[in-house]
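Chain IDs A, B, C, D, E and F follow the sequence of writing; residue 1 opens each chain.
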Amino acid sequence: MKKGEKMKFGAFGEVMLRLTPPEHLMLEQTHTLRLAYTGTGVNLVGNLAHFDMESYLLTALPDNRLGSAALANLKSIGVETKYVIQQEQHIGTYFAEMGYGVRPTEVTYQNRKHSSFGLSQENDYELQAFIETVDLVHICGISLSLSDQCAETAISLAKKAHAQGKKVCFDFNFRPTLNQEQDQRNILKQRYEEILPYCTILFGSIRDLTELLEWRTSDSTKNPIAYIQSFLAYYDIEWFAGTKRTSHEGRKQLKGYLITVTEDAETPFYELFVLDRIGAGDAFAAGILLGYAENWSLTRTVEFATGNARLAHAIQGDVPLTTRKQVQQLLDAPDVDLIR
Amino acid sequence: MKKGEKMKFGAFGEVMLRLTPPEHLMLEQTHTLRLAYTGTGVNLVGNLAHFDMESYLLTALPDNRLGSAALANLKSIGVETKYVIQQEQHIGTYFAEMGYGVRPTEVTYQNRKHSSFGLSQENDYELQAFIETVDLVHICGISLSLSDQCAETAISLAKKAHAQGKKVCFDFNFRPTLNQEQDQRNILKQRYEEILPYCTILFGSIRDLTELLEWRTSDSTKNPIAYIQSFLAYYDIEWFAGTKRTSHEGRKQLKGYLITVTEDAETPFYELFVLDRIGAGDAFAAGILLGYAENWSLTRTVEFATGNARLAHAIQGDVPLTTRKQVQQLLDAPDVDLIR
Amino acid sequence: MKKGEKMKFGAFGEVMLRLTPPEHLMLEQTHTLRLAYTGTGVNLVGNLAHFDMESYLLTALPDNRLGSAALANLKSIGVETKYVIQQEQHIGTYFAEMGYGVRPTEVTYQNRKHSSFGLSQENDYELQAFIETVDLVHICGISLSLSDQCAETAISLAKKAHAQGKKVCFDFNFRPTLNQEQDQRNILKQRYEEILPYCTILFGSIRDLTELLEWRTSDSTKNPIAYIQSFLAYYDIEWFAGTKRTSHEGRKQLKGYLITVTEDAETPFYELFVLDRIGAGDAFAAGILLGYAENWSLTRTVEFATGNARLAHAIQGDVPLTTRKQVQQLLDAPDVDLIR
Amino acid sequence: MKKGEKMKFGAFGEVMLRLTPPEHLMLEQTHTLRLAYTGTGVNLVGNLAHFDMESYLLTALPDNRLGSAALANLKSIGVETKYVIQQEQHIGTYFAEMGYGVRPTEVTYQNRKHSSFGLSQENDYELQAFIETVDLVHICGISLSLSDQCAETAISLAKKAHAQGKKVCFDFNFRPTLNQEQDQRNILKQRYEEILPYCTILFGSIRDLTELLEWRTSDSTKNPIAYIQSFLAYYDIEWFAGTKRTSHEGRKQLKGYLITVTEDAETPFYELFVLDRIGAGDAFAAGILLGYAENWSLTRTVEFATGNARLAHAIQGDVPLTTRKQVQQLLDAPDVDLIR
Amino acid sequence: MKKGEKMKFGAFGEVMLRLTPPEHLMLEQTHTLRLAYTGTGVNLVGNLAHFDMESYLLTALPDNRLGSAALANLKSIGVETKYVIQQEQHIGTYFAEMGYGVRPTEVTYQNRKHSSFGLSQENDYELQAFIETVDLVHICGISLSLSDQCAETAISLAKKAHAQGKKVCFDFNFRPTLNQEQDQRNILKQRYEEILPYCTILFGSIRDLTELLEWRTSDSTKNPIAYIQSFLAYYDIEWFAGTKRTSHEGRKQLKGYLITVTEDAETPFYELFVLDRIGAGDAFAAGILLGYAENWSLTRTVEFATGNARLAHAIQGDVPLTTRKQVQQLLDAPDVDLIR
Amino acid sequence: MKKGEKMKFGAFGEVMLRLTPPEHLMLEQTHTLRLAYTGTGVNLVGNLAHFDMESYLLTALPDNRLGSAALANLKSIGVETKYVIQQEQHIGTYFAEMGYGVRPTEVTYQNRKHSSFGLSQENDYELQAFIETVDLVHICGISLSLSDQCAETAISLAKKAHAQGKKVCFDFNFRPTLNQEQDQRNILKQRYEEILPYCTILFGSIRDLTELLEWRTSDSTKNPIAYIQSFLAYYDIEWFAGTKRTSHEGRKQLKGYLITVTEDAETPFYELFVLDRIGAGDAFAAGILLGYAENWSLTRTVEFATGNARLAHAIQGDVPLTTRKQVQQLLDAPDVDLIR
């Protein structure tokens, strides 16, 4: 990346089909579904593209009509699709029955392991060209648990990108409930430990360090920030960011934090108005990466990212379609509810 | 009912067509309606079927395409339809224009009196077989006011079921606004008084006792619970249950209560998030009946029933499609808003 | 009606709710319905209003939200609603499951007898003012079979209008399958015979004369047109009009005819492209009445009316929203399939 | 207007096409839009028609299918369309992407200047007949900035109506963001000053007086109400009304005020539940005009108007379809959330 | 099966999710899909249930919300679901982009092999109870190619059912394009040969015998019917049935045939009006099985089955929801296009 | 364009918003519209992109949310959007009420002249870079009549592209009904004559030469092909292509032709199955350009182009989303109606 140039982003991740019943209906109540194409990588680079950043996706789609439709959709959100390949016949799918009030949103996954992405191997991709094209590579923790091939590709990508001086950003995205068996957890821990030395930016929480990595657990309680900072120092990581959520009598709140080895910044708790919370974490990540790319201060970065995440809660679907202008509008004039 | 067996439920009640404009639109604003098949009995046995209880509906549907479609829908929610008959040509219908905030939901009923159900007579049904099949019969107060034939069938059913050792559950469902003429009220009062001696479980409120039945009104104010208990004792009723609603500056709250001759239990007031409140009372009733069937404590029963009613407020349509697991999830972890 | 003035039309008839599943689905296959307000009278005066003729409906709607929505809809199609009253609570309803190819469209009626219209009596309406306002009164045969009150109102309206020099137009609309019992048929026959002496224009077929009226049946076979003309002479009727349909290997065709005591005209058979055939007969009637109002030749009138009916087959819903320009376009340039 | 007669209303204003994505979706997320016909004048007279007041619109629609569809829609909401003309080919259009929580609603206007209304001139309309028909003429400030012809027609209408003893009601509707250039602002100021002497009722805020009219600015801060009253005295205006909005931690509130030269009334702040806030200001205006027409007290009028505006926030679309009964229901029993 | 009793049917087959864009749109053109649950077995027993025959499905659904929704849907079409199990997390899915005219319908399958059904094994099911319950077992050839486990279960089911005196009906459903590799074809051939000795009724074509089974190929051309009859004799098969399609200048036609060892019957070619041809073959099969169950003549059976298939072409979706009455109506009065 | 490289295409043309009522409804019958982004240039390069050809659009979109949504849509169909600019606030719009059978499709245009495209000037675009990027420039005749600026830009683009050795393709797209005044026609004629010397490929009909250009009219009747060829010779044009449509008793047919100075080829008449004919001409053009780019024979080219146009008649919307494979499938196996 030459001086004065804008950073270019690339994400390695799965494209999923999301099917959502309209108007908060449950699956038994409708014969109609809303179709969208999503995934952590899609959400992230789609949002960065809306921030006018050149953003690439490295993924595998089915070599059929559905793959073509997915590709059309990726293009429409501004994602650069040069490194998207089409092979095999299956795409991971999930159904989102949107909750309301005390009724939680229920997500039902269909087979992801045998998807074009799940079955793809490192050699299927133009990895080297991808690395050369972008300045920062984003990898989602889900790739480490989806299939052995995906995990291998992800780790190899991190190593190679790092070796070529590119930034690597890693999102823990660890879900304890999905990985309850000890064996599976041990394998995951190993993979996470293998990728961390090549990372510059991490998205995660203290629980990822204590529960998954079991990293110097005894140090974690006294001073959580110092604990995280020692972790960052250990792995030579620049930025560690994430969000916290609270809920009180049905009111949800959100704050964001951003920690370096020497500093930390966090936002106040903001009230959440939730239309669709899926993908809001990716909006936060996109905001952080934008601040990183443009050398913003920690505070400006985390406020922007959290504002972006708040907006993403108010947008249907996973992919945050927010622009810089919209986020700035929220930060500058949070009470405006009609723009014309 | 043999020991160790699960209780079987049966409800006598009307199936109605519900037509709802989408997205809170008013009737003038749309050419599209959402279609569903509902009714107190449908809601109740449909919900009990989702709790894995064998549940039967005793009703009459039109002998035409609409009746067939209604039947298909009853089956889809798990209701046993062996005792559903098809005759005549009309089904009661209502339009629900969904309110929002300060705008109330407006329900407009079309002709119910001349529906297949309204015109049906005791002899049209296999009453005896129905009674033999189930352990508990639910009757809705609306049957007592819909038509003379319905009232006669309902009362006869209560008597026969009681005579054969089956439990009878009766839901007052009395709406003062619908019965403002004194004559009509006197007839209704008589019918209610006729059915009460055969009942084991009642759903109602203190106002049903004072306003409709005018039962020892002077005793009602001092100690309302004692007043209700004396009523239960008089009619030899085991359980009396219902809900209370409050509204303060646009915030709605709900509590449930469950009273026996000697005990009583009630929940705290829970905040309501209302997507569609129609049918929530039937969800409460289904929860109470489940607790009754499984010998739960009063407290466990009323908390479960109230949790079920809270969820029903967050589900589109009348029929509560909640499962035991979903209700338990709310009671155990009320702040979870995303399940995957 | 003064010379040089445009004729004003009035129809006495029922407004019905029509509910149609989208995209040829059957009732079991959808939770969504398309809502429209229709009826022979609505269709006729709605179409005449689109021909820029002042057109009134005399009907009764429910005094509730549904009645208001129906009223709004009548206004939107240009019908003058001054003589529409709102009382009672029910509106007749029908479901139209649209057929395709060899699958016939299935219409399921819900209660019409107890609708606001079915229950309405002569005194409920401003009959005299209505008659004074219009030049031609249209009455549909269905009114004679719907309820005793409707039949009485219809016959009284015909007599009074005729007495005041207004034209009366009567549409047989007799459906043998709906009136299979001899008793009912005898009553109907009597009512039809009672109204005929006051009529100037009739819509019907030779079968109406032979099967329902059993009018000099032996004369009907030799020369059908002469037979009809003798009937017209007997009752002093000016115009007798109707359509014939054929079907051959799935291809439908339509022709129109128009007969006076001394003349007759008919169109060739035109191929039909059927999107929705309900209401097409009313489009034919509207075309005939327009020709009558404007003193067109028999041929011009019947060609226009048949063109209008052909267009109505290609319009969703009952109400023909065609304009003069659209009908003329079809007659002048039948092969144009794109106008811009 | 004769004694005892109901006031008749007329509005001069643009009809716009409103296109709204369903379910809070953004334009990129949907291929489906909801279509409605709106505009300040439409909203106002449509609402007054729902209050059973004879209400006319003076406007120009395209002379094409879209104009016909718009006309049908105006009729359906009860607007008298006698003075609506059809010429030219374009109608102003706007897209409303509905916001949610912290995400503001975004309105995108398409060309309005070259619409049938924007291009229309005084002579195109039957101005004199319109003035004779109505008792009160409503003019929206937007007409003064839309095009020179519209401004001329609006001012001429105000003068002529005033000269013939009709009331003139003027809505400032001034949007600083839309008129940021000084030149444009000066022209507007002049036009506003030209119309004010003919006005009886004004809808506006203190900012309209200070920012747009720059009227004795130094007097405005000490006693705002006295300041407004001196303005009313200067221009001989009877009523000055408007609303104030607040927002605190995501909770919106609304109050209304109504000021005469000698009196003033205002409501408390009411919590807002916002489904669609566009058009709510017109609902407030309709309520005020109803009170004016029926000689209600200031307090009754402003409470009714504010209640109407609160309901309008809870109705999809611009046009407030509220009836007197619905507004009264809110004022009398604000906690009722289900009517049947 | 006792004399005079109605035959009971059971099918072993996969339940699939079908997702269809509305109004002939392609996947890139819509964000909305219509959802249905289908499959050869579902279509067959669903249709038989509509013919009032007790009909069971033996299948495996996911143990998640999607499985529950599928189960609700099976119930709604009248299928007995007692032998449906829920395990694993995936259901086979296909997308149907509906063609029009010269544009073919395109079906895109997603992973079926790892579905709950694909992964299910014989021991997962209550095979013995299923066999005891039904009189005729239907097995689809797709089960033989879907997965090894499915093939084993299917073959075992055929053997056991046959051993217990139940009829076995087998549908070749062989698609050459899906099985182009010789290895796969050899395995399939072996499996087909293994199951045939236990079959009583076959659905197939002469090409199945020549291309897949390569059965005495040289005999096939001279007298195709005699060739098929010799095959039936060899395997002791009672009935062999299927359909033929032709297409000429865009007009499609269909005929059905039914062959026994000694007799054969076929219908004329009927013109097809195609709304959705998927599932029409299953409608034909259901018609044949009904004739078999009720001892109809070959001619009556094949005419009924072909009529049913023609209707199924005119119904959206796979599952033929036809009743006996509807099929008979087509056979008796093929030109009726409106029933009321 | 280097040898062996694929030709790159660029089109200069307007992007329009298309709004279509669903299911053949008319504007008065629906509150729902389907939204798409179309235009001759969009259709052409969108289709070429689906043929895997690099294809650019040169156009101006509004600088607002609608422009962004349009841009997203262009990307989704594979169009290269590097030369798309965003300025001004309006986009041309049209409503397409889809006809059926004898009812023609009616297109209603809204203001196009003041759209971002209509107001754009040559200097607003990166014309030079665009010309350098592509090998063939497509210009639509509509640009010559839309506005003076557009006409100037179009002519200048043709001249410059021609001067730099790029191919220029021009589509007459002349609609006599839209240009009935002689003045306007003379200006148009002049502009057409000005652009023709720079063109290599023309899409048009003999009527364009005789009626608009009035080119040696007397020669046109004897031998139409020779007449066209002399025109091609005069202007040094390589290819002249177009389609002919016939209609007989409701059956539509289509043929394509392709003429050079020395040769000509045409297809037989093919029967049309019309779902949506708008945009089919652009599909034909895209097919011709593909053949030109790949040096196919005249016959192969015109058959492919006509096949593509036939498919486009069977696709909803303007933009032909056909692939090479789909067109080839139609040419090779026209009777296949289901692909799986």
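Observations on the model:
The rule is short, and it goes like this: a residue touches a chain if its C-beta (ideal position, glycine included) is under 8 Å from a C-beta of that chain, and two chains touch if they have at least 3 such contacts.
Protein names from UniProt, one per chain: A, B, C, D, E, F = Carbohydrate kinase.
Predicted, not measured: the structure shown is a model, and the values here were computed from it.
Number of steps on the shortest path from chain D (Carbohydrate kinase) to chain F (Carbohydrate kinase), with steps defined by chain touch: 1. Homomeric contact chain A (Carbohydrate kinase)/chain F (Carbohydrate kinase) is classed as same-residue, with over half of its interface positions used by both copies.
Farthest from chain D (Carbohydrate kinase), judged by the mean position of CA atoms in each chain, is E. Chain C (Carbohydrate kinase) and chain D (Carbohydrate kinase) have centres, each the mean of its CA atoms, that are 42 Å apart.
Centroids of chain C (Carbohydrate kinase) and chain E (Carbohydrate kinase) (each the mean of its C-alpha atoms) stand 46 Å apart. For chain F (Carbohydrate kinase), the set of residues touching two or more other chains reads 22-23, 26, 28-32, 36, 72-73, 76-77, 106, 109, 274.
With chains as nodes and touching pairs as edges, the resulting graph is complete, every pair of chains being joined.
Partner chain E (Carbohydrate kinase) is touched in their complex by these residues of chain D (Carbohydrate kinase): 29-32. Per the touch definition, chain F (Carbohydrate kinase) reaches chain C (Carbohydrate kinase) in the complex via residues 22-26, 28-29, 94, 99-107, 109, 175, 178, 247, 249-250, 252, 274, 277-278.
If you check the complex, the residues on chain F (Carbohydrate kinase) that touch chain D (Carbohydrate kinase) are 19, 26-28, 30-36, 62, 64-66, 68-69, 72-73, 89-91, 93, 95, 97, 106, 108-111, 113-115. On chain A (Carbohydrate kinase), the positions that touch chain F (Carbohydrate kinase) within their shared complex are 72-73, 75-78. For chain C (Carbohydrate kinase) in complex with chain F (Carbohydrate kinase), the residues that touch the partner chain are 22-23, 36, 76-77, 271-275, 310-311, 313-317, 321, 326, 329-330, 334-340.
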